[in-house]
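What follows is subunit A paired twice: with subunit B in the first complex and subunit C in the second.
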Partner chain A sequence: MGRLGQAILLLDLAVCIYGVVASIYGARTHRTDWVDSGRRAVYALAALSVIAFAVLEVAFLRNDFSFKVVADTSSTTIPTFYKLTAPWSSQQGSLLLWVTLSSIWSSLVLFVTRRRLRDIAPYATAVLLGMAGFFAALASFSANPFDTTSPAMTPSQGAGLDPLLMHPSMMFHPPMLYSGYTLMAIPFAFAIGALISGNLGSEWIRDTRRFALGAWLFLGVGIILGARWSYTELGWGGYWGWDAVENAALMPWLMITAFIHSIQIQEKRGMLKVWNVSLVLTAGTLAIFGTFLVRSGVLDSIHAFGASTLGVPFVILLGIMFFGSIGLVLWRRESLKTEHRIDSLLSREAMFLLQNLVLVAMVFVIFWITLFPLISEAITGTKVSVGPPAFTPFVVPLAIVLVLLAGIGPMISWRRATVSNLRKHFVFPVSFGLLVTLLLILFTDADRKPFALVMFGAASFLIASVAQEMYRGTSARRAMTRDFWPVAFVALIRRNRRRYGGYIAHLGLAVLMIGVAASSSFQHSRNATLRPGQSVSVDGNIFHYVRPTAVVTSEKISFGAVIDVTKNGKQVALLHTDQGFYPSTNTAQDGIIGRFFDSANADSTIGLDAGPLRDIWTVAAANLQPLLPLINKGNKLFADDYNATLKQVLKLPKSEQSNALNSDLTKSDYWVYRDAAVQDIANQYTKHAYPIQFLLIISPLVSWLWVGAIILAIGGLIAMWPAPLAIRRRSLSVYRSRVAREIS
Partner chain B sequence: MDPNRKRAIRLTVALTAALLLASALIYVSFSAGRDELTAKQLLNRAHPGGQYILAGTVVDGSVRYEGSTLVFSVRDPHSPATATVRYTGVVPDPFAPGRAVMVNVTDSSGTFVGQQNSLTTKCPSKYQTAAGATD
Partner chain C sequence: MDYVIVIVLVLGVILLVSSPLRRPSDPTAVGDDGSPVQKSGEWIDIEAARDAKYRELRDAELDHQTGKLSDADFEAIDSTLRAEAIELLRRLDALDEHEAE
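Here is the complex of A and B:
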């Protein structure tokens, strides 16, 4: 199986090389047979990569520990669900996943455009295959997922998957991120193709728009799943830490967000060609830069991507992408010029451009602060970290402007807004935003956090503007069809999915931003060390530590706490939080009993009471210190017994020793006594009132963040979804006539 | 107004705004930043009351609790130097001997006191072999 996988990987690489050569040769000589062959190389790559990935999955499912990657990241005891996800927890497996997803998305776009973009597609094919080939080469020569050990060296058990990764979000988070990154390569590749071929109209943008939206959607969903995982699994109570790896995903997402907005200006008015090409090239480069940050270990991050040998190849690839992009844009700068100019700053195109500038400014800020330790080290010789507080003074005001622009942009007229246009569209949303702000000042303490207050006002303005547009659109539809409101509303969205999908996404953004502003500005948290029966107050809520718990299963030992939360004498939640200890495989270091209480293999299950207005979040750090004497005693007793048995067994011929040892230990009920000892030690935890350290948090409106993200994703999905054929034909004819006008 | 002049003014305003943003960013980065030090650098440079970010690997066998205070030593990757930290607050799940950590510390008369809830631990799960893996 391992050899099959290795052979497929090499075949992948060969197919990539062939495809690059065939596509470029076909494009230069105008030989369609070579171009078609290059495209078919992408299909072949997809088929081969899927087979290779299936081979790896089968190895995980069969617990085939002759595969090094299976031995390192899986074991017989982890649930099947997580065995399926384990491949992408390793460097090797994740590289293969990258190649697989990249080839699938590339096949899809090349199939869709097989009869169009004939001058651009071959170059795009070469770029896509070149990038896939890069990852296939890494997987083949630097981090091969099919490396195997000899049968004699194959372990009987694997090291297991890190408990932190055994979370439902982790099943989907990496594939979503990788899908986003790999989809980002598609508009990048077509932009390169357009620049090389000189066909710089809007056609390539129209054909790859859905893939750009797909990249935006998948990357966004991946980011949110990561945030959810952080909130519910990492035990620190936050969902975003401005960690280098989080930022690595956020930067291309912001850039592609700018792109999917600004392409509308190119499509509608033929403007911003240089800007759009630059945005998409930067987004593609940032996607690879993010991957480089994740895998090279150049920056300290709470995610560990230990130093690896992959840094240099990534730097070379980034250099080619960066300087190649600049070179191509400079080469085609004359063709990218537009005759149209922005007529007025009070116009939709000006607002879109301003929104783009805000997004790019955000990317610049995040890029600078994230890389500042490296920059400062290069200048001063010392790494200087600025940390999360440095982001706030820049990103928060920019985010407020962004939310305001999301409301203004869709309502303001193209070319030049008139006073009557402004009055017609802005009176209600502005009044609503101001009213909400006023009410918050009068009836809450929101004014003690001015940025949050302004964000609430801006988000209310955005919600009102979306509601107004939806209402007007539905009313107009009803006037024509006399449908019921819900029918007219659905029909309205169906007929103009791109526009109304965008509005729904804006609505999601508003809800998400309210959640972020409230939960980050008005959170109350407290660290407390409590014994059973003791209580502590957080923001008027009384947290009462009722009793400790200990549960022993074959998978892990969980030590937890039951917490009763009351407010004004009434119970608001009864929470249970625990810390699960998974047995380590290092018996020599941890001991026969101690391996079941290894804090290096622990994960927390938070106690969470989530509501529409607030989350009550708790986590407890199990205090095993009082159990240490018992654990050490157990280690010694069982080691003595084990060694005594071993001594007898060593007298036997070498070939019989292993089986004899297991048999003797089983016969003497050694394992039964060991399990009983572990159970007894765990029970001690509940019999004594040991003090436990808690982190207790009351966070307002966290649920709004998750709900906002879901609405945002639904909006993106609607905008992506192809319109009914009849409408598509009509828009296509409108589009063609516009292109014809532009050309003439 | 002449459209070219109008465009020139817009460009000047945009460039000025970008310049101001960049200047503020550079100023904040250098003024609000803290030195991220290895154990050896910390031992050499620390002075009482100074605040630093200590980065390194938790030394095997150095982790213990004194009441609710976590005491552990951090090793310099390039030298045998170690710095001992006394920390109270949230201990991330991945924290363990042999793993890379970052913690904000204050030099309190020769003792490095970790700032509450500032301890971050690199997740060992991705792209490297699980710690302590044996056959």
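Here is the complex of A and C:
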């Protein structure tokens, strides 16, 4: 099967090269047969990549440890669910996933546009195949997921999946991120196609808008799933650490957010062509830059694959994308001149432009601070690491302005707005925002964190502005149709999905930012070392360590703690947190018993009581120090026994030794005694009152972050979903007939 | 077995990507000078601009209905947009006549 996978990867590469050549030849000679052939190469690539990925999945499901990647990242003891997700936990498997997703999305866009964009699509096809070919080449020659070992060297057991990756989010987080990144290549490729062909109207934007929105949606969902994973798995209590890889995903997301807003100005007014092309080219380049950070190992990150040799090819690709993009924009600068100018600074166009500038400024700040360790290393020779404090002074004020603009934009009409109309629309949202701020100052201690307080006010203003827009729109609809409120509301959204989907996304942004501001500014946390029966107080909540727990399964040994949380004498929550120890494969170093207690192979399960107003979050680090003498004693006893059996076996012919060793050990119940010893040592943990170190956190409104993200995604889905054909036709025909009447 | 699968895949790919090249060329798809005879790029651009103009008309109407545009502003914007839409329709008609010739 390994050879089959390797052959398919080479075939992938050949198809990419052929498709690039056929597409460009077809475009230059106006030969539609060659253009069609190039497009079909993308379909072929998708089919081949899906088959290759299926081969890899089957190898994981069958525990085929002759595949190096299966032996390195899986084992017979991990649940089937995680065997299915293990392929993308490695550099090799994730490269193949990239090629697969990229080819599927590329096939979709080229199928949808097969009868349109005839001058742009061939160049876009070449770009898409070029990028897919790059990843296929890396998978073929640098990090091949189908590399195998000889039967003699094939291990009977794999090293297992990194315990930190055994989390439900990991099923969806990487495919979502990669879908976002690969979808981002689509508007990028069509922008390149538009620049090369010189067809710089809005047609390519219209046809790729949904793919840009798809990139925004998938990348956003991927980022949030990553944040959720960090919050519930990494054991530090946070969801965003301004880590290089987190930032690498956030930057293209912010850029594509700017793009999906500003393209509306080009579609409506023919303005901002240079800006839009630059945004989408930058977003595409940043997506590859993010991939470079994850795969090259140039920056330290818990999300990265570690050191690799892929850095140089990525730098070359980034150079081609960056300088090629600049060259194309300069070449077409005359054709990119704007058709109109902004009529008024009090218009939605002006607000969109301002919002775009804020988003780009955020990307600029995040980019340079993320790269600061590399810059400092280049200049001083020392890699200076920077953390959240370096980002927040810049990003927080910009985020507040962004939230305010998200509230202002929907209340202003296109082209122009009058002061009296603005007054009429702003009275309620501004009053609501100010009222919330005032109430927070009067009844809470929110004023001790001024930025958070301003964010609460700004987000309240945004929520009120969206609510007002929904109300006014529904009222206008009711005035025409006399429908009931809910019917009119649903009809309003159905008929104006793009507009009201966007407003719902803004609402999600407000809810999310309230969660972020509250949880990051008003979190109470405490590190405490407790013995069973001891208590500690955090923000008025008493955390009482009730008892330790120990559970031994074939998969792992979990050492945990039961914690009773009370407030004012009443129980608030009964939490259980544990640390799971997965057996290591390094018996030589860890010992026959010690390999079951290897802290380098452990993950944490947090104790969480999530609520609408606050989360109670706990984690405990199992204290195995007192068990070490027992573990060492067990290592020695079992090693002696093993060596004695081995000594007898070595007297036999070489071909019989392996089977004889296994047979003798099984006959003497060696493995049964070993498992009993492990169980006994684990039981000691619950019989003694060992002190344990806890991290205890009370964090307000964290749930708002997840709920806000869900609302944001629903808004994006509504904006992306095409209106039924009948509604579109009816809607256009109304205006067509009105205009036609005037002609006659 | 692996070799057989690879050969089948290679043949499948060759068949798929070469099928447009094996078809007799479509005389309606490409003109004598090599340019496509279907709707021209300019026609498609203007059609896209026309549809965008209709959407803009609808947005202006919604802005007016929700009170974001005063009656006077709406009248001015609506008439401007309709004039622009009419101009686009005329250009489309002219292109249709030109392509018919």
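List of remarks:
Keep in mind that, in the parts below, the second predicted complex is superposed on the first by the 727 of 744 C-alpha atoms of A that agree within 3 Å, B and C clash if a C-alpha of one lies under 4 Å from a C-alpha of the other, contacts with A are read in each partner's own complex, and residues count from 1 in each chain.
Criterion: a contact is a pair of C-beta atoms (placed from the backbone, for glycine too) under 8 Å apart; a residue touches a chain by one contact, two chains touch by 3 or more.
Remember, predicted model here, so these are calculated numbers, not experimental data.
Once the two complexes are overlaid through subunit A, subunit B and subunit C fit side by side, free of any clash as defined at the top of the document.
Residue contacts after overlaying the shared chain place A:116 against subunit C, while subunit B stays out of touching range.
In the superposition on chain A, contact of A:8 is made with subunit C only, not with subunit B.
In the superposition on chain A, A:695 makes contact with subunit B only, while subunit C stays out of contact range.
In the superposition on chain A, A:529 makes contact with subunit B only, not with subunit C.
Of the two partner chains placed around the shared chain by superposition, subunit C is the only one that A:206 touches, whereas subunit B remains out of contact. Looking at the shared chain after the overlay, A:412 reaches subunit C, while subunit B stays out of its contact range.
By the document's definition of touching, of the two partners only subunit B reaches A:73; subunit C does not.
The minimum CA-CA separation between subunit B and subunit C in the overlaid arrangement is 21 Å, rounded to the whole angstrom. Once both structures are placed on chain A, no subunit A residue is touched by subunit B and, in the other complex, by subunit C.
Considering their complex, residues 1, 3-4, 7-8, 11, 15, 18-19, 22, 29-34, 36-37, 40-41, 43-44, 47-48, 51, 116, 118-119, 199, 201-203, 206, 267-268, 270, 411-418, 420-421, 424-425, 469, 472-473, 475-476, 479, 496, 499, 731-732, 734-736, 738-740, 742-743 of subunit A touch subunit C.
Interface of subunit A with subunit B (complex): residues 71-73, 89-91, 94, 153, 155, 159-165, 233-237, 241, 294-295, 300-306, 308, 341, 345, 357, 361, 364-365, 368-369, 372-373, 376, 382-387, 389-390, 393-394, 527, 529, 579, 584-590, 598-604, 619, 621, 623, 625, 691, 693, 695.
Of all the residues in subunit C, the ones that touch subunit A in their complex are 2, 5-6, 9-10, 12-13, 16-21, 23, 25-26, 29-30, 34-36, 38, 41, 44-45, 48-49, 51-52, 54-60, 62-63, 65-70, 73, 77, 82, 85-86, 89-90. Subunit B meets subunit A in the complex at residues 3, 7, 10, 14, 18, 21-22, 24-25, 28-30, 32-37, 41, 53, 55, 65, 68, 88-100, 102, 116-117, 120-135.
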